[in-house]
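Just below sit the structures, each encoded as C-alpha cells.
The same chain A turns up in both complexes below, where it pairs with chain B and then with chain C.
== the complex of A and B ==
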C-alpha cells in the first residue's frame, strides 16, 4: 500500500509541478521517491515493520470487510521489485530538453496500475489495474507525435489492448454468471463446491479460459504475441523498455495470483498452459535469432522470457513457487532494462538510418568506452543465464522446480535457453570490432545507476542466499 | 411491454450478448477504418455490460455487484475512447487517412 501511495502522490506532484519546467529536473526526485517507496515495501515484505494497520485505518471506510486490494508478504515483495525496477528504468532514461514532465507522470500512473494488478483480489480491481496500466501506455507509445512508426505503434497497441480487455471482461462476466461473485477466493469456494458434486458448468469453464486469454494477451504469450514486436519497435526507446519490463512482470504476477486460487484445477488448465509455455519459449527464441535490428531482437527475447515465466504453472503451488517468480522477475528486469539502456544510448550515437539499427551500433564499444562495455557484458551474461549472475540463479531454480512437474517442458526450456545464447552473444562480435568511425568520441564516463545495477547482478549471482532463503523456509 | 422482458429466460440474454460481442470481435478483425474499429471495441464492451446487468438481475444479487461493475466498465470505456480518438487524430494529422491498412511499415 505504501508503495502505491508514494507512486500516486509523486505522479500527481510531477504532473502539476512540471508543467512549464524541463523534464530532466524531475528525473532525480522521481528516482529517489520511487526508491523510498520501493524500499519501504521491501522492508515490510521481510516482516521487519508492519504498516498495514496504519493504512487499513485510513482506508477502512472504502474497503469493507474483505478488501479488494490485498498486500500479503509475497505481493509486497512483488510490488517492491516492480517499483524499484521502475525507479531504475526512469533513472536510466536519457536526459532530454523536452518541456513538460508529462511522460514521467504517465509512467508513474501506469506503475500505479501495475501495483494495483499485483495486489488485486477481486476481478473488478484486476480489470481496473489493467486499464490504469494500459491507458497511459497507449499515450506513451505514441508520444513521439511526428514519427509515423510511433503513431503506428500507438494505434496497434491501443486496438490490441482494448480488444484483449474486452475478452477479459467477457470472461469475468461469465465467471460472475456462474458463481455470483468477483472475489478470487469466493469463486474458488463456489467452484470446488460445484466440483464436489461432479459439476463443472461450461459457463465457468469458458469464463476462466477467456480471462486467461485476456491476461496472456497482456504478457504476449505466443498465440497472442503478434502485436508486441511491432509495438516495441515503433514506440520510443524508453517507453519500449518500460512496456517490456513493467507490463510483463505485473501481468505475470497478476496471472499467477489469479490461477493460484484454483490450484486444485491444475490438471485442467495445464493442458493448454504447458503447450503455450513450450511454444512461447521456442518461437520467441527462434524468431529472435533471425531478427536484424536490435530492438526487434529484444522484443522477441522478451516474448521468450514470458514463456520461461509461464513454466511456474506446472510446479506444485506454494511459497517457494512465488519466490521463484519474484527472483526471475528481478533478474529479467535488471538485465533487460540495462540492455534497453545501451541500445538507446548507442543507437542515438550511430549514424545509420532510423529503420536499420542493426547490431553494428555497438561497433567498437570496447575501444570507445571500456568500463561501459564491461557493464554491457554483465547485463548480457545475466539475461542469457550464465553462472555468477542473478540470471543464472533465477533460471536454475526455475528449471529445477519445473523438472518435478514436467520433464518435457524443462527440456524444451533448456533447448530454448541454448538457442538464446546465439543471439545474446551477437553483440560481442561488434563490441570488439574495429570497424567504427574514428571521429566518434572516446570517453570514460559511466552511468552510476548502470554500474550499481551491474554490481547487484553480480553480487546476487555470487550470494544467492539472499534470494533463496525464502525457498528453504 | 416490461413484462415481456421480465419473462425472458437468462439464456436469451446470454445469446444476445454473445452475438453482439461477436459482431464487435469480427469487426475488429476485418474492418480497416480506425473509427469503425473503435466503435466495434465499444460494442464488445457494451455486450459485456448487458450480460452483467442481466446476470445480476437473474441471480438477485443483493449487493448488485454485477451492475456496479457495469459503471466501472462505462467509465473505463469513456477513458479509452478519449485516448483512442486522440491517437486516431494524431495518425490523421500525419497520414491524412484513418485507414489502418496503410500503417504497415513495422513488420519482420
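== the complex of A and C ==
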C-alpha cells in the first residue's frame, strides 16, 4: 500500500510541477522517491514494520469491510520488486531536452495499475488495475509523435488491448454468474464445493477461459502475442522496456494469484495451459532467431519468457512457492532492463546510418568502452540463464518446480533455453569481433546504476541464499 | 573451497595488474592451485580417503537441500593434479608479445576454478554449475583470441551451443533424480541410494550421456571439436584438450556409471561401437590433415574414443587404464600443442611448408619426438600402459571390437610419425631464424620428463586411483546386481 501511495503521489506531483520544466530535472527525484517507496515495501514485506493497519483505517470507507486490495507479505514483496525495477528503468532512461514531465508521470500512473493488479483480491479490482496499467501505456506507446511507427504501435495496442480487457470483463461476469462472488477467496471456497461433487459449472469454465485470455494477452503468450513485436518496435525504447518488464511481471503475478484459487480445476486448465506454455517458449525463441533488429529480438525473447513464467502455474503451487516468481521477476527485470538500456544507448549513438536498429549498433563495443561491454555481457549471460548469475537461479527453480507438473514441458523449456543461446549471444560477435577494434578506448564513462545492477546480478547468482532464506520467504 | 577461491583470487590479481603483468608473475599466479593441492592434500594424506569419496567441505547454498559439497579421493586428487599441474604450462604458453595478456590469464585462471569445482563437487547442482562455469571463460578465450578472423563467432557459437545443449540434458537428469529423492536433495550420496525403475534410469542416462558425449566428444557429437581446437589460441587448445575433455570422461566415471550404470545393458554395445567409430574416424581423418593443430584435434578424438570405450566395458582394467590415459593424454597433448606453438612461431604450422627443422633445432626435435612417441604409445613411454590396458579391456568385452579398437595403434603411429617427418625431417624448407627462448624450454623439459616417468612407473599413479575406482566399481555393481 505504501508503495502504491508513494507512486501515486509522486506521479501527481511531477505531473503538475513539471508542466513547464525539463523532464530530466525530475528523473532523479522520481528515482529516489520510487526507491523510497519500494524499500519501505521491501522492509514491510520482511515483517520488520507493519503499516497496513494505518492505511486500512484511512481507506476503510473505500475498500469496504473486506478489502479489495490485499497486500500480504508476498504481494508486498512483489510490489517492492516491481517498484524497484521501475525505479531502475526510469533511472536508466537517457536524459532528453524534452519539455514537460508527462511521460514520467504516465509511467508512474501505469505503475500504480501494476501495483493494484498485484494486490487485487477481487475481480473488479483486477480489471481496474489492468485498465489503469494499460491506458497510460496506450498513450505512451504513441508518445513519439513524429514517428509513424509509434502511432501505429499506439493504435494497435489500443485496439488489441481494449478488446482483450473486454473479454476479461466478460469472463469476470461469467465467474460471478457461476459463483456469486467477485472475491478470490470466496471463489476458492465455492469451487471446493463443486470439486467435492466432481463437476464444475460450464459458466465457471467459460469464465476462467475468458479471464485467462485477457491475462495471457497482457503477458503476450502465444497465440495472443501478435501485438507485442509491432508495439515494442514502434514504441519509444524506454516505453518498450517498461512494457516488456513491468506489464509482463505484473500481469503474470496477477495471473498466478488469480489462478491459484482455481487450483481445484488444475487438471482441466492444464490441458490448454501446458500447450500454450510450450508453444510460447518454442515460438518465442525460434522467431527471435531470425529477427533482424535488436528490438524485435528482445520482443520475441520477452514472449519466450512469458512461456517460462507460465511453467510456474502448471504445477500445483501455494504461497510457499510464490518466491520462485519473485526470483524470476527480479532476474528478468534486472537483465532485460539492462538489455533495453544498452540497445537504447547504442542505437542513439549510431543514429547516423540507416542500419541503426540491427545488431551492428554494438560493433566494437568492447574496444570502445570496455567496462560497459562487460556489464552488457553480464546482463546477456543472466537473461540466457548461465550459472553464476541470478538468471540461472531463477530458471533452475522454475524448471525444478515445473518438473512436478509436466516433464515434457520441462524438456521443451530446456530445448528453448538452448535455442535462446543462439540469439542472446549474437551481439557478442559485434561486441568482441576484432575487425571492429579501434586503437584506443574512446570512453571509459559508465552508468553507475547499470554497474550496480550488474553487480546485483552476479552477487545474487553466487549467493542466492539471501533470496531464499531472507528476502523472499 | 580454497581450490575455487584461490584461482579466482589469482585471476583478480592478474586483472588488477593489467598491462604490468609479466610472464613470470603470470606463471607464479598459475602456481596457486598446485601449491594448495600439495600443501593441503599431500599424497600421503590420501590414505585417509581410501574407502570412499570423503566429504571435505560442505556449505549450504540455495536452501537446506542444495549444498556446495566438495569431496576428495584418489580420482579427484589425480584430476586436480592434472588441472592445477598443467595450468603453469598453459599460462606460460602465451606468447610474450600477446596483447592483453592479463585478460587471457584471468580467463584461464577462472576456468581453472571451474574445473577444480567440477572434479570436486559431490552435489549434483554444484557439479552442474561448475561444469557451466568452466565453459564461460573458454568461450571468451576462443572468441577474443581466435585466429580465424571473421568466422570466429561461427565456430565459437557452435562450440557453445553444442556443449550448452548437452549440459542442459544433464540439468534435466539432475532435476529428474532430484524429484525422485525424498529429501529433495542433490547430494551424491542421496542420488546413489535411489532405486530407479528401468524407464526412469533410461531417461536419466540419456540426459547424462548427452552432456558427456558432447564434452568427450563421442563420434556423432564431435562437430564442434576440430574448428574450435584449430582456431583457439594455444592456451585455449591446451585447456580444451588437456583438461576440458577430461570433464566428460570424469562425468561418465563418477556420475553416469554409478547413478544409472544399469542402463548399459541396453546402451553398452552402441556406446562402445560409437567410441570405436570415433577412434577409427578420428585416426583416418588425422592422417590427411596438413594443419598440425587440426591433426592433433582429430588425434584427440581418436584417443578419447578409446578411453570412453574402456570405461563403457565396465571392467577394472578399463577403468584404471582409462584414468591413466586421461592423465597421459593431458600431458602429451599439452606438450604437442606447446611444441606446435613453437613451430608456428618458427615457420608456420602447415605441414606442406615445413621440413628439416631438426637440423637447426636438434634438441627441440628430440623433445618433440618424446611427445610424438608418447602419443603413439610406444612401449616405455607414458602412452603405452594406459592404451594397453584399455585395449585389453575392449578386447575382453568382444574380440571383434578389440581388433577394430586396436587399429588405433597403427593409425596413431601413421599420423604422428607423418607429422614428425614432415615437420622435423626431410629437406629444409623456409628460413627459421628465431631462437627458442629459455622460458619456453622449461615446460618442454618438464613435460617430456613426465612422458618417460609415467611410461616406466605407471604403477605409482595407478595405486593412487585404485581405491576410488574399486569404490566406483562397487557402486555400479550394487546398482546393477551383476558385474561383468
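Operating definition for what follows: the second predicted complex is superposed on the first by the 449 of 473 C-alpha atoms of A that agree within 3 Å, B and C clash if a C-alpha of one lies under 4 Å from a C-alpha of the other, contacts with A are read in each partner's own complex, and residues count from 1 in each chain.
Just so we're on the same page, a contact is a pair of C-beta atoms (placed from the backbone, for glycine too) under 8 Å apart; a residue touches a chain by one contact, two chains touch by 3 or more.
In this text the structure is predicted, and so the values were computed from the model without any measurement.
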| item | value |
| --- | --- |
| Touching partner for A:98 - first (chain B), second (chain C), both, neither | neither |
| Contacts of A:404 with chain B and chain C, given as first, second, both or neither | second |
| Partner chain(s) touched by A:176 [first = chain B, second = chain C, both, neither] | first |
| First, second, both or neither for A:435, with chain B first and chain C second | second |
| First, second, both or neither for A:425, with chain B first and chain C second | second |
| Which partner, chain B or chain C, touches more chain A residues | B |
| First, second, both or neither for A:465, with chain B first and chain C second | second |
| First, second, both or neither for A:386, with chain B first and chain C second | second |
| Contacts of A:21 with chain B and chain C, given as first, second, both or neither | neither |
| Set intersection of chain A contacts, chain C complex versus chain B complex | none |
| Parts of chain B lying in touch with chain A, wherever the complex brings them together | 10, 14, 17, 21, 24-25, 28, 34, 37, 41, 44-45, 47-48, 51-52, 55, 58-59, 61, 65-66, 68-69, 72-73, 76, 79-80, 83-84, 86-88, 90-91, 94-95, 100, 103-108 |
| In the complex, chain A residues that touch chain C | 381, 386-388, 392-393, 396, 399-400, 403-404, 407, 410-411, 414-415, 417-418, 421-422, 425, 428-429, 432-435, 464-465, 468-469 |
| Chain A - residues contacting chain B, complex | 123-124, 127-128, 131, 135, 138-139, 142, 145-146, 148-149, 151-156, 158-159, 162-163, 165-166, 169-170, 172-174, 176-177, 180-182, 229-230, 233-234, 287, 291, 296 |
| Residues of chain C defined as touching chain A within the complex | 60-63, 125, 128-129, 132-133, 136, 140, 143-144, 149-150, 152-153, 157, 160-161, 164-165, 168-169, 171-172, 175-176, 178-179 |
